[in-house]
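Down below are the structures I want you to see.
Two complexes, one shared chain (subunit A), two partners (subunit B, subunit C).
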Partner chain A sequence: MRAFLAIPFLLCTQAVAADVSAIVDDHILPRFERLAATTDQLAKVAATDCDPESAELRGSYHAAFDAWVAASHLRFGPTETGERAFALAFWPDPRGATPKVLSQLLSGSDPVVDDDASFASVSIAGRGFYALEFMLFDDQIMVAGTPEYHCKLVQAIADDIDQTADAIWQDWSDRYAALLKTAGTDGNATYQTREEAIQELYKALTTGLQFTSDARVGRPLGTFDKPRPRRAEARRSNRSLRHVVLSLQNLRDLARDLAAEDENLTNTVSAAFDEALARADVISDPSFADINDPQARLRLEILQQHIDAIREIHAANLGAHLGVSAGFNALDGD
Partner chain B sequence: MKRLYLVTTALGLGLAAPALAADKAAVLDNYADIAEAKYADSLITAQRLQSAVETLIATPSAEALQAAKSAWLAARVPYQQTEVYRFGNPIVDDWEGKVNAWPLDEGLIDYVDASYGGASDENAFAVLNVVANPSFTLSGETVDAAEITPALLSDTLQEADGIEANVATGYHAIEFMLWGQDLNGHQPGAGNRPWTDYAAGDACTNDNCDRRGAYLKAATDLLVSDLEYMAGQWAEGGAARAAVIGGENAGLSAMLTGMGSLSYGEQAGERMRLGLMLNDPEEEHDCFSDNTHNSHYFDGLGVQNVYLGEYVRVDGTVVSGPSLSDLVAEQNPELDAQMRDKLGATMMALGRIKIAAEAGFSYDQMLERGNAPGEALVMGGVNGLIDQTKTIERIVTALELDQIAFEGSDSLDNPGAVFQ
Partner chain C sequence: MATRRGFLAGLLAAGLVPKPGWADVGGPAFLAAAKLPEGGFHLFGLDPAGATLFSVPLPDRGHAAAAHPSRPQVVAFARRPGTFALVIDCMTGKTVAQLDAPEGRHFYGHGIFSVDGSLMFTPENDYEVGQGRIGIWDCDAGYTRVGEFSSHGVGPHDVVRLPGQDILVVANGGIDTHPDSGRTKLNLPTMRPNLSYVDLDGRLIEQVELDPALHHNSIRHLAIRDDGLVAFAMQWQGDTAEHPPLLGLHQIGSAPVLLSAPGDLQPTMKGYGASVAFSGDGQSAGISSSRGNTAHFYDVASAGFATAITAPDVSGLSGTQQGFLATTGLGEVLDIRKNVIQNVSRHPVSWDNHLISI
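Then we have the complex of A and B:
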């Protein structure tokens, strides 16, 4: 029995061709380093200029948010320690928790903003990029509360984002990069085989695709009779389409790296992403506000079909190539 | 708690001996038998609830309301243990929203406190209040709700306007009808609906007691008929049983998919960790009755009893047989021990939450901002669930089921699935 089992296991092992160390060094670490750098800049700008309409503040918000979206598929290890990734990015928010928490803080001038450590205890709905978006772009929240308190809250959110991003970056560089690279060696309880490390990276790809299709595109898409433009991600700062594009570009990079040993697979996977990105190019409204128009909604639906084609065909082929399955992810469930 | 844990482990070990002969088909038969028993128990306890509700409506009193609440709490014990059957079995997953949808905008159903707010960005019907309105407009059409029937709830109100938070049926709608809103925030205490909300004549509080009673009865009758349907799906000749025993590897994959998806994405993520991070008492799973600690505990127990292949019925009898544990132990005893250890550790952690809650430290207190002991208790459960999912994945690999689709890649063998 055992000898029989050893054969497919061996085949699986040989099938694992992706270079984990290269993906850590070239894909993962640069993204979290950039997130740490851009959020540092965001906190510095907010410290001197907290006017919601300030071009410099909004510019640094956009740059840091871009850096997060570029890394947002890498949801394992350091981002999942404590509440880190949730504190950076609580969305979707179907019950409207973010405006509710911010309104409560603003109307009561809650002193929790005076101290970084206490602010970290605030509901994740009142922290991170999506909360900052409300503070800078929502018609009501951007003028709510006293101007002094509003400013302090903007600064507290920016500082908190900066600290969270630093903690993720530190954790990756001090600990987790080595853990992933030494998968399958003695004493590595997190990744007991090399295959488990590959599976982690593959799962990041499939989960990232699922989130972009189901949430970033699927939530506003709604149904033909009832599109839901108000559910579009970060629509207040016109970032909805941008997030779809950024996530596809970054997932394409990861897919290429995972397929690297197989030139043919690399090319077909790349081409599928390029095709989807071309479908995103013809969408004109950056916040999907126009999707009550059937033509506009159709363009978004076609984009989703292309993303799903990547999931069904190309990601599945890649999994077979790597000899791993997608396993369980945080989007399982309702 | 410790004793329970030891007993469970001993049962697991006891099963390991006949286990050597365990074949996959026998494991799947036992899995289906346990499902049949769990849904039959869910039906029996729902019928007891139904009879308590009928008494409450016929002869309203504080005692009758309390009896209905007790029946609801008892009904949750077997039902929560069935949730592990959801994700791997499409017949269950397509149906479960009728009976256990959550969270809900309860203003759709009945009166709510002013602090609840009004219609929201997402839901124009968050305060529809069908109990108070015999006629209303829904998505441009006039709805005649003069008579509150099971069909009105299931066909018109459930997910009205395509909004998932419009939950009109199932355990949580009934829970709201019995307890009312929990207005205690992070303080101890559940919803406190007066029994006079069901009283006749001048004794009636908050108006429309007859319509409220009709709603409660319709929702309870629906729960019973929905559970009858599902119990039949797992009986001999039922479609859910046939689907599981039809293909050995697909059946085992369904078992492990249910265990992993419930543990990780659903319970650890959506139900426990998110509520904690939001510090929001409304993120409690059983928020009206403050029964969330039990809801989590019995969900976890369901995962464990699928692996160990044994279930304690509501009449005390035990259904047991060849288990996944046996199959894994035959091939890799260390992996089986790892799985049993982790499932046991999770049950200890969920048990701590239950113990604290029953001693007076309620689940909504645990969620409060800055409540360190509460956070530690809830995160203990979350960490256990996440940790056990890792081992479930290892079992998938060890049993060579890894090219069978999971959530996230279910498109592999079912391209249509992603569109559902």
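Then we have the complex of A and C:
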């Protein structure tokens, strides 16, 4: 009985073995800097070329969206202030709020697009990358409204994305990077111990894995009897599989950094991600549109199983290594 | 115990004990689900001091349970998003009925009986439309489903009943989920939790919404005092750098009161209220945080912070005559008196989220 009590839960008892400063400098800051740079480019391109079918505009949309997905697991601090992350990425959208808001703006030529400050007051569902995707790729919305108004709305969304990304980057470089790096020192009310900073980074890994498995893969997967290909993330611009791959690659980087002190653990965690990425490689339809076919659905389901194996086995081992494993109830979180 | 139970079962079979009550299973004061060291799941009946009186196996991980007001029957709910609940006869350990959520619905792991025990009410997710429902079950007809009404919000998690009245108090947590995407939260930017008082016809009697700045504070778990004062525990879905109040008190017809610990203590809750309870004398209210490995206690009359205890993975919390009983994922049962841990007993199990008063 005593042996059982002692073993299963390691609650912040071990030495903390991860270099927070290195993760801030090498993992976090470059990603948000890149997001700020690519969204700046997106806004500049949109200012001169707002044709939904423009190759240059679509190219800068893809580059900026890639940069967001590469940072989208870092959901704490600057991304959460003022709901900035949701202003960039309102998804999943189970009730179809984004097309509703855009259709309303387009049908009434709402003057809210005329200045940046008032556009930021638009429903959060009408802002960000997923709204821009509708504007550039959705059969109906890409041709809705007058061409002049459509153009202004594309530009307003791109500008707003740029400003939000700048605000996140500024906040990280001016304030939050230092907060994480000085965790556990006097006067740091956000991270009172170094363990709390490690826990924040570890949580970014586990919730990132959960989001990719449950939302990016799970939502289109639906059930065997009822696959839901139309729920696939960013399917209109053929980005669904790309988001899964990008998120796994970036989460692998974070996992490797967190495990860095233990070479064995680094290798096994890394191999588990590689295995999952190999399963993504054999999926041919970039938007998961083919998953009504049982074979195609099976391939996606196998990918999900591999992601869940990372969550259940390897992330759990990593948590134990870092001394931040959650207990039976804390992990359940209900 | 086993002998007595066998004896009673024999009497039952012979029709000599027509109406068994809770006294016939040792008069348990509490119910709690737990994971066993070998991996299975059981529901336990505990005496007022936290010693186990009986245990019955569950097919899967539990969450909370509801005790029938007179019969020694328990409805044990599966972990969210479960679609079944089992009615267990605590004398025989046998499942006597099963509640299956209708197509397109799942349970949240909580439920409550009507005053006379003839009906059972279950918070449910109507997940294709993302709206909360309260399912109605006829306990005297084998727990068949006889209807449902709106929970008047999204994500109804916990439900309690005003003392002696058939008015339900529903914690609409505000979070939209769909079983196809597990527990992924689908509407955080637009979530609007509320506390709703609903009569048995589904009519909304009163609804409490907090300040819009707190719309990320999911109203999740409930406790009720003999005079109808409701305590609600919240879970913060906003910026982790913010540490808003997680405990609220509300009396129907009045404004809610929010309670927070001073200084560096509120952040130790990690934005997470796991369970909430009033002490037996009703003078204290407690809120646990398994994520923060702590529980905070408040004086109800002054709404002032009293004290904090620390215990790894503490989650279940219920009132006792002298104070509180709390359970942890490490198998501990903490006897808390005058807001201090007086005694710790250990069980070779992992106690699950909630400790339910009978």
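What we mean here is this: the second predicted complex is superposed on the first by the 310 of 334 C-alpha atoms of A that agree within 3 Å, B and C clash if a C-alpha of one lies under 4 Å from a C-alpha of the other, contacts with A are read in each partner's own complex, and residues count from 1 in each chain.
Here is the rule we go by: a residue touches a chain if its C-beta (ideal position, glycine included) is under 8 Å from a C-beta of that chain, and two chains touch if they have at least 3 such contacts.
Being a predicted model, the structure only gives us computed values, none of them experimental.
Contacts of A:Val324 after superposition on the shared chain: subunit B is touched, whereas subunit C is not.
Contact with both subunit B and subunit C is seen for A:Ile124 once the two complexes are overlaid on the shared chain.
Of the two partner chains placed around the shared chain by superposition, subunit C is the only one that A:Phe211 touches, whereas subunit B remains out of contact.
Of the two partner chains, subunit C is the only one touched by A:Phe76; subunit B is not. When the two complexes are overlaid on their common chain A, residue A:Phe86 makes contact with subunit B and with subunit C alike. Residue contacts after overlaying the shared chain place A:Arg219 against subunit C, while subunit B stays out of touching range.
Looking at the shared chain after the overlay, A:Pro94 reaches both subunit B and subunit C. In the superposition on chain A, contact of A:Arg230 is made with subunit B only, not with subunit C. Once the two complexes are overlaid on the shared chain, A:Asp174 sits clear of subunit B and of subunit C alike. Shared contact residues on subunit A (touching subunit B in one structure, subunit C in the other): 1, 5, 8, 83, 86, 90, 94-95, 97, 124-125, 192, 210, 213, 222-223, 231, 326-330, 332-334. Within the complex, the subunit A residues that touch subunit B are 1, 5, 8, 83, 86-87, 90, 94-97, 118, 121-125, 192, 195, 199, 203, 206-207, 210, 213, 222-223, 226, 230-231, 308, 311-312, 315-316, 319-320, 324-334. On subunit B, the positions that touch subunit A within their shared complex are 87, 103, 120-122, 161-162, 164-165, 260-267, 269-270, 273-274, 277-280, 282, 331, 369-370, 389, 392-394, 396-397, 400, 402-409, 411-412, 415, 418-419. Subunit C makes touch with subunit A in their complex at residues 35, 37, 63, 79-80, 109, 130, 176, 178, 180-184, 186-190, 238-241, 264, 267, 272, 274, 290-291, 293, 312-315, 328-331, 346, 348, 350-353.
Interface residues of subunit A, counted against subunit C in their complex, comprise 1, 4-5, 8-9, 11, 76-77, 80-81, 83, 86, 90, 92-95, 97, 124-125, 189-190, 192, 200, 210-211, 213-215, 218-219, 221-223, 228, 231, 326-330, 332-334.
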